[in-house]
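Both complexes shown next keep chain A, but they swap its partner, so chain B is in the first and chain C is in the second.
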Partner chain A sequence: MNGPVALSRRATLAEARLVFAEAGGRTRLTLQHIPYPFHITRPFHLGDGPAGMATLYLQSSSGGIYRDDRLSFDLEVKPGAAAHVTTQASTIVHDTKGGWAGLDIRLRVGKGAFLILAQDPLVLFPEAAMRSHLDLVIDPEASVILADGAGTHDPMGKAGRFARLDWKTCVRSPAEDLLMLDCWRVDGQDFADQDGPLHGQGGVGTVTILTRKPLDARGLEAGLRGMGCQAAASALPHAAGLVLRLLGPDGGFIASALDTAVRAAAALLGSPLAPRRK
Partner chain B sequence: MPRIIMVATTMTTEAAAAWLYRLMAWLSPAYPVGAFSYSHGLEWAVEQRLVGDRSSLEDWLDDVLRHGGGRIDAILCAHAYAAAALGDRPTLVGLRDLGEALAPTRELALETLSQGEAFRTTTLAAWPDLERLAELLPDRLPAYPIAVGAAAAVAAIPMLPALEAYLHAFVANLTSAGVRLIPLGQTDGQRIVANLEPVCVEMAEAARLAPLDDLGTATLMVDWCSMRHETQYTRLFRS
Partner chain C sequence: MQALLHMLWQSDSAFPSGAFAFSHGLEGALGVKEDWSIHRIAALFATILRHRWSTADRVILVQAHRHADDRRRLAAIDRQFEAASLTEPLRVGSRRQGRAFLTSHARLRSPGAPALKEALDRKEILGHLPVLQGAIWRQLGMDERQASLAAGYAALSSLASVATRLGRLGAIQAHAIVRDLLPVLDQTVAQPVGDDAMPSSFVPWLEIMALEHAQADLRLFVN
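This part shows the complex of A and B:
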């Protein structure tokens, strides 16, 4: 997925950018560059989370991700600001017809800042090949919750498999110290195989909590019992926080579990969230 | 002429005997790195009946080798070997940080870092002629494959046998864990080790050529089992 290749004429190349900053006790969106296919709502304040936190929905106006799309999204949360950025719904990754589609997310979270980036699970259609890489630089005094995942869907019911999923989350300090690196590389056949590395699970999700505050992994797990997913949490390297893994029968279960897990994570950080409509 | 060939052969045999002896010692179950106390999440998998017989244990280990920790370890070992062979300490430091950052759970981090430090300490104590290893591997805990790869390079052990031996030890240890947990007969355990021989050989060869960008696993079920193992009621293993 890394070599030079001629992109199709219909490929979408887009770089979006958002910057949040604190002013007058509220977090405000101070810079936005949102080209097609990205779309955002106006930020609003629900009065939940850290004081003055702004909530914003991120959407796709293209109906999904397609072959040769190369999308990137830069998000900065300035010191002292608090933002909750979430997708409106799951994003479909369509058949990439032998090519692949890529989404690169770059996050920078400053001192004392707070960020939730909650993405609904990708829906991988048959023959979809997707690369999703996220790079986060986090100040030691910031807190971040990341939520993402993937599930499969075969609309024609022909037992089609996605081609490949290449997923990376890399977290560094401002001094470039590598705090954690989470990389998955899975073929659709292995994903679906009952005897494969996921034992036939149809959906996967991850919630990563980056913070220096001491957290209870068991408390996070307990909140997800009865959700129809297998959930387990553990400490990250370098005492950087916690990671929660979700495995479920399909993306729908994962989407619900991710929503619950994000709210549980926010509560653990002392910043409980109000429910958000999707 | 035949005499020269015989001398050359003898020298090659002696050189091979030297590195082979060390490789066998370092990756022997008797080497005091505590390998017997780690199950890589297998203890929870058996508890949950995800693994319950010879066939499922072999499938589980095949996945770990091809898609999980076995593959990652082999790539890290190969890169550590290459860096140590060049005396490239900054790259080794970077690999050490990478090995630690890649650990997906608390217990898998413990498994690799504890074994890595035990390996480094024991090897430096028992083979003091490898003082170069102490210069290359700094004082913070190296992940196990980093320590083994660096030591193999310093001792002039060829890379491919070192990788195969590492993966064999990895498989043999987890097979032994499975034999104790399920339980299985010893012969069935050896059948698993034998059946996974071509996989180990294949993954070692692939690791020798793999760039670091190729790092990535698909064994999320192993991660989940390792996490759940943290609160398993009755445990024989530390991971």
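This part shows the complex of A and C:
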């Protein structure tokens, strides 16, 4: 999936960029470049999370991701700022008809800053081939919560399988030390296999908490077990924080579980969140 | 011929590599109350081989084999495997097994092993098993494919042994699975590994089972 790009007429190339910075006790959006198909709401200050945190919804105006789309999203949170960026809903990846689509997210979070990037799960339609890469550079004194996942759906009801999902989450320090690497590739057949990686579940999610604060992994799991989710958390390598894996029957369930887990993670960090309307 | 004999020696489960103490998440998985037929256990083994061992351990082993003489590069490969091992029981298990494997080779005075053991004791390397397998087996004269096959066979044989000791398989059933999965092993080992390839692993259910297993009061295996 890394070969030469043969672009079709429908392909979308888009590079979005947002910068958050703290000013006067509130986090403000100081730079925004949001080309089609990205769309954002204005920042809200809901009075939850760290003091002055801005909440912003990230939306798509295209109805999903299509063949040969190459989307990138750069987000920077300046020192001392606090931002919560969340998608409006799951993003559909349509049949890429033998090609593939890609989303590259690059995050930079400064000293004393706080970021939640909560993405609803990708929903992979039959024959979709998707590359989803996220690279984060995090200051040792920053805290970040990442939530993402994937599920499937066949609108024709014929149990069609997606073609391929190529996933990477890479976290480095400002000195370029590799802190964490979550890298995997799977096709739709193995994703759906009763004895495959998901053991018959229809969706997978991951919540990653990057912080130097000591956290109780069990505190992250408790709320999820109550909703019937298979989930367990682990300490990350290099004492970089915690990672939570969760499995559920479909993308909708994973979206709810991710929301529950993100709120539990924020509470563990001492910055509880009010429920968000979507 | 010498390299082939070394390959047989190193894939022998009697070699004191510490493998007997680790289930690689299997004890937790097979502890789930399900209909664990021989076919389903074979499918689980195939998933572990294809989605974890082949794409993570084997990639690291091959890179370590290529750079066995470059201590700095070896340490970087080791750190990359550490960063990619998100599930703590499996990460710690790989390091503990690596230390046991290296300690045996150092005591046997295998070429390169005493120096690597000193590097491990000085914390210059972390000592993950596939890194040490690649480095030591290169010194023993095994080529990349032989080293990969030895490690893959040892991993498969270890899974079969764990399932047998847990009472999920009889000895004949275990070896039927090993026999049936040899072609899978052959196919995975044939896949090329780039020098810049990153270790990738996708076994979320097994990871969850390994993490739950780590909380259990009664366990036969370390992980």
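As a working rule, the second predicted complex is superposed on the first by the 278 of 278 C-alpha atoms of A that agree within 3 Å, B and C clash if a C-alpha of one lies under 4 Å from a C-alpha of the other, contacts with A are read in each partner's own complex, and residues count from 1 in each chain.
Convention: contacts are C-beta pairs under 8 Å (C-beta built on N, C-alpha and C of every residue); 3 or more make two chains touch, one makes a residue touch a chain.
Because the structure is a prediction, the values reported are computed rather than measured.
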Fit or clash between chain C and chain B when superposed on chain A
clash
Partner chain in contact with A:H238 - chain B first, chain C second, else both or neither
both
Show which residues of chain A both chain B and chain C reach, each in its own complex.
167-168, 178-186, 190, 195-199, 201, 204, 230, 232-235, 237-238, 243, 245, 247
Quick one: in the complex, what on chain C touches chain A?
40, 43-44, 47, 50-51, 55, 79-80, 82-89, 91, 198-208, 211-212
What does chain A use to touch chain B in their complex?
2, 166-168, 177-187, 190-191, 195-199, 201, 204, 217-218, 230, 232-235, 237-238, 243, 245, 247
Residues of chain B touching chain A in the complex:
50, 56, 59, 63, 67-68, 97-98, 100-107, 109, 213-224, 226-228, 230-231
Going by the contact rule at the top, pick out the chain A residues touching chain C in the complex.
167-168, 178-186, 190, 193-199, 201, 204, 230-238, 243, 245-247
